[in-house]
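Some structures are shown below for you to check.
Shared chain: subunit A. Partners: subunit B in the first complex, subunit C in the second.
Presenting the complex of A and B:
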């Protein structure tokens, strides 16, 4: 049974992703552009499962990697005229290199410096991108070409959605394999008890760095996807709110499980749309307030997130 | 060259407010082991409440009292309703909880006060004085004086009072302090309220210089973090020295280069310190236990 369960999970995820276009185009509330946003954010949040869920390291700077992906794609495709896929790959490679270097130094010291370092790094990068002429300053870069598959260019929400859904499935399988591998067990051990893990001969710093690199690559891929979907990037991509949003997604969805990313993305994007569309005269203020309440409540009431809900209910039923 | 000295003076004065903000961060970290990401929003809340009260005609002292009360109450609420219920959680969850509290405070401030900047007059009227070839507002002197008084009060509290001793005991050895009958939750509550009050003081004295809006908390909090981390996160004196350094770097970059790169330089400074000397600039490098 335990061996079957991941396959059941994949089936549910694949079926859900397949059904989304049929459902979202027929109900009044959801649109295909919210669906694209959901899959892209789910890809970005997926990387936080090994990092925050297993290794218990909090990054508040994922938007920096999101932005690195977006801006690398934008610069390579508009200025250098390269194929968009090269931009996506180059962005991922650059994000990996940055995370690897940052991780090498930051994880030398124990403690909770990653949250501070990623926060400061993200804001510093956003401030630089906002000032540099090469990145278009606060106007950003526009005129990005769309991504293409087998010679068909992906314009419009539906084709991009299928691509994003495909990438999300691949990413989920990859992160799931990582979580269930020996590396995943080591990450869990390092997260649960760093002292015991270190005593068992596990190189905690290298482990955390690996998880950080994985999270950076996934955030960068999501950023590139977003850039070629929107055909435009600006410094708000690197904003603190984007980092916090990914953190909320994985916390609400369940940071210890790969299913937490799609669950959380669906919930948080839905919440954003509800707040923006349904509350009278609302803007960023209601959105921030809602995010804050949801984040605090989910941590207090449902620390394992929505993905941990079945197990929590079963435990409660068993206790009775 | 003369102007540079002027920028240093301005930097030291603004830096003294970053110092008290950072002092609050270091205090909470020492007593509860929590990196409080809501500290910047306490600064915003204090400054904004003060400016709004002053705009509506309240006497500056009354406005300051209101701002301090509101922020202290918010700090107590954060501890009682958010951090205490999760006391068994790991540090990662506590960090994310303070981030949640931070955006919640920001959202509520936007709902209550709107997105506009609010203006408060300088303490005791507008005065300028000339020093080192630049004209400096007298408010900068108020910043330095109030910050010095606040830091002295915290020092007296830590060394002379019962709860101050409890805080230092918890910081030195958590388990032994508990065995000696010190209640970590109650002491943590006191530390967080003190941190909120320090943040509000910083926000109030800065309000006439940098008119606050509801989003002013993030950059101010970051400067407080930079101050605290420069001082090694565990040393109150280090946080003060760190704050002064941040203020000077910021003022010199703004004066000599451009205000556009000011934030990038201050945040870059934090990254650099974390990368090079995560134990702080002023503390001898200590290999922390895992």
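Presenting the complex of A and C:
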């Protein structure tokens, strides 16, 4: 049975993703734009499972990688005329290289350096993008071409949703395999007790760097997807709020489980839509208020997130 | 059988103005159990920490079979053949007992069967799928020892492995140490339980405020007037 469990999880996720268009186009509250946003954010948040869930390293600058993906795609497709897929791949490679370089420096030291360094990196990159003529300054870059699959142009919400859903499924399987591999065990060990893990011969710095690179690549892919869906990028992509949103998604959904990313994205995007226009303040302020409420509630009621709900219910039933 | 060769030369560790290890020099290449005694604050745990790469010395050197322990990072020291346990248990709360034994460097290559055999060796048969929180304190101590052994170390540093164990479990642990010694592993045993250390050790070191106060066979160290005065609390002899 235990061997079937991950496949059952994949099937449930695939079934859920297949049902989304049928449901979201029939209920008044959701739209396919909401669905696209959910899958893209889920892809971005998925990378935080090994980094934050297992290795317990918090990055507050994932939006920088989201932006690297988006801007690399935008620049290569609009300025160099390259196919958008090359932009997506180049963005992922650049994000990986940046994360590897940052990680090499940051993870030499113990402590909360990743949080501080990624926060600083994210803010600095956003400032640079906001000032550079090549990136269109605060006006951003527009006129991005859509992605193509087998000659079919992915314009509109539904085709890009199917692409995002497919990428999310592939990403989920890949991250799940990583979590269940020796690397995943070592990351868990490093998260539980870095000192004991090092004494067991585990290279903590290299491990954390690997997890950071994985998270950067997935955030970049999500950013490229967003750029070619929206056909426009601007510096708000790299905003702190986007980094916080990814962290909240994985916390609400469950940071130790790959199922936490889609569950968290669904919940947080739904909540964002619910509060929009209902809470006082601007859209961003209302979102922040909503994030704060959902984060506190999640940490109090479900510290392991929605993905940990079945285990929590089993424990409660067992305690009776 | 060739035993591990451990050489310390003027090893000194300072924390701010406090000298925790003060110019310790020694050489050991005959295997067996080396007992390390000392009062609280004598520098025993710092001694273990500096050899395992958790703290760096102010000066001096420590070498294991040619590896310079004082410059290698902790994980490279472990891979060089030096494993350790901790005074305060440091288990991986999210991993099962079996996963604990498959996670150390090189353990996955030796496989699940070897890990299960190791669990049996330390008396933890049938606990492979259990998490540390589901094990008794004594079982957790054994699991930590097994995790260190999964590295197949040449030297193992045991930081108060008998602390908090009832008498019977303590005796079983000492039997286990004897078997490890017989298999050729060198053990450095840091313990407060003086009779147990004197009984099992082939060589005893006594630290007093970071300095090596005595070094020799258990009987000679136990009879040393300086040791009795400084550590055993017997100044009248």
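Throughout what follows, the second predicted complex is superposed on the first by the 314 of 320 C-alpha atoms of A that agree within 3 Å, B and C clash if a C-alpha of one lies under 4 Å from a C-alpha of the other, contacts with A are read in each partner's own complex, and residues count from 1 in each chain.
Definition applied: a residue touches a chain if its C-beta (ideal position, glycine included) is under 8 Å from a C-beta of that chain, and two chains touch if they have at least 3 such contacts.
Source: prediction; values computed, not measured.
Annotation for the three-chain superposition on subunit A: subunit B and subunit C fit side by side. Once chain A of one complex is fitted onto chain A of the other, the partner contacts of A:182 are limited to subunit C, with no touch recorded for subunit B.
By the touch criterion defined above, A:195 reaches both subunit B and subunit C. When both complexes are overlaid on chain A, the residue A:131 reaches subunit B alone and has no touch with subunit C.
Touching more residues of subunit A than its counterpart among subunit B and subunit C is B. When both complexes are overlaid on chain A, the residue A:52 reaches subunit B alone and has no touch with subunit C.
Superposition on the shared chain A places subunit B and subunit C such that, viewed from the Cα centre of subunit A, they span 70 degrees in steps of 10.
In the superposed pair of complexes, A:204 makes contact with subunit B and with subunit C alike.
For the pair subunit B and subunit C, the least inter-chain C-alpha distance in the overlaid model is 6 Å.
On subunit A, the patch touched by subunit B and the patch touched by subunit C overlap at residues 195, 198, 204. Subunit B makes touch with subunit A in their complex at residues 35, 37, 82, 85-86, 89-93, 95-97, 99-108, 110-111, 115, 214, 218-219, 222, 225-226, 229, 260-261, 263-264, 267-268, 270-271, 274-276, 278-279, 288-290. Residues of subunit A that touch subunit B in their complex: 52, 56-58, 60, 102, 105-106, 108-113, 115-117, 119-121, 123-124, 127-128, 130-131, 194-195, 198, 204, 240, 244, 247-248, 251, 284-293, 295-296, 299-300, 303. If you check the complex, the residues on subunit C that touch subunit A are 52-54, 73-75, 78-79, 83-84, 86, 90-95, 99, 102-106, 108, 147-148, 150-151. If you check the complex, the residues on subunit A that touch subunit C are 182, 185-186, 188-189, 191-193, 195-204, 256.
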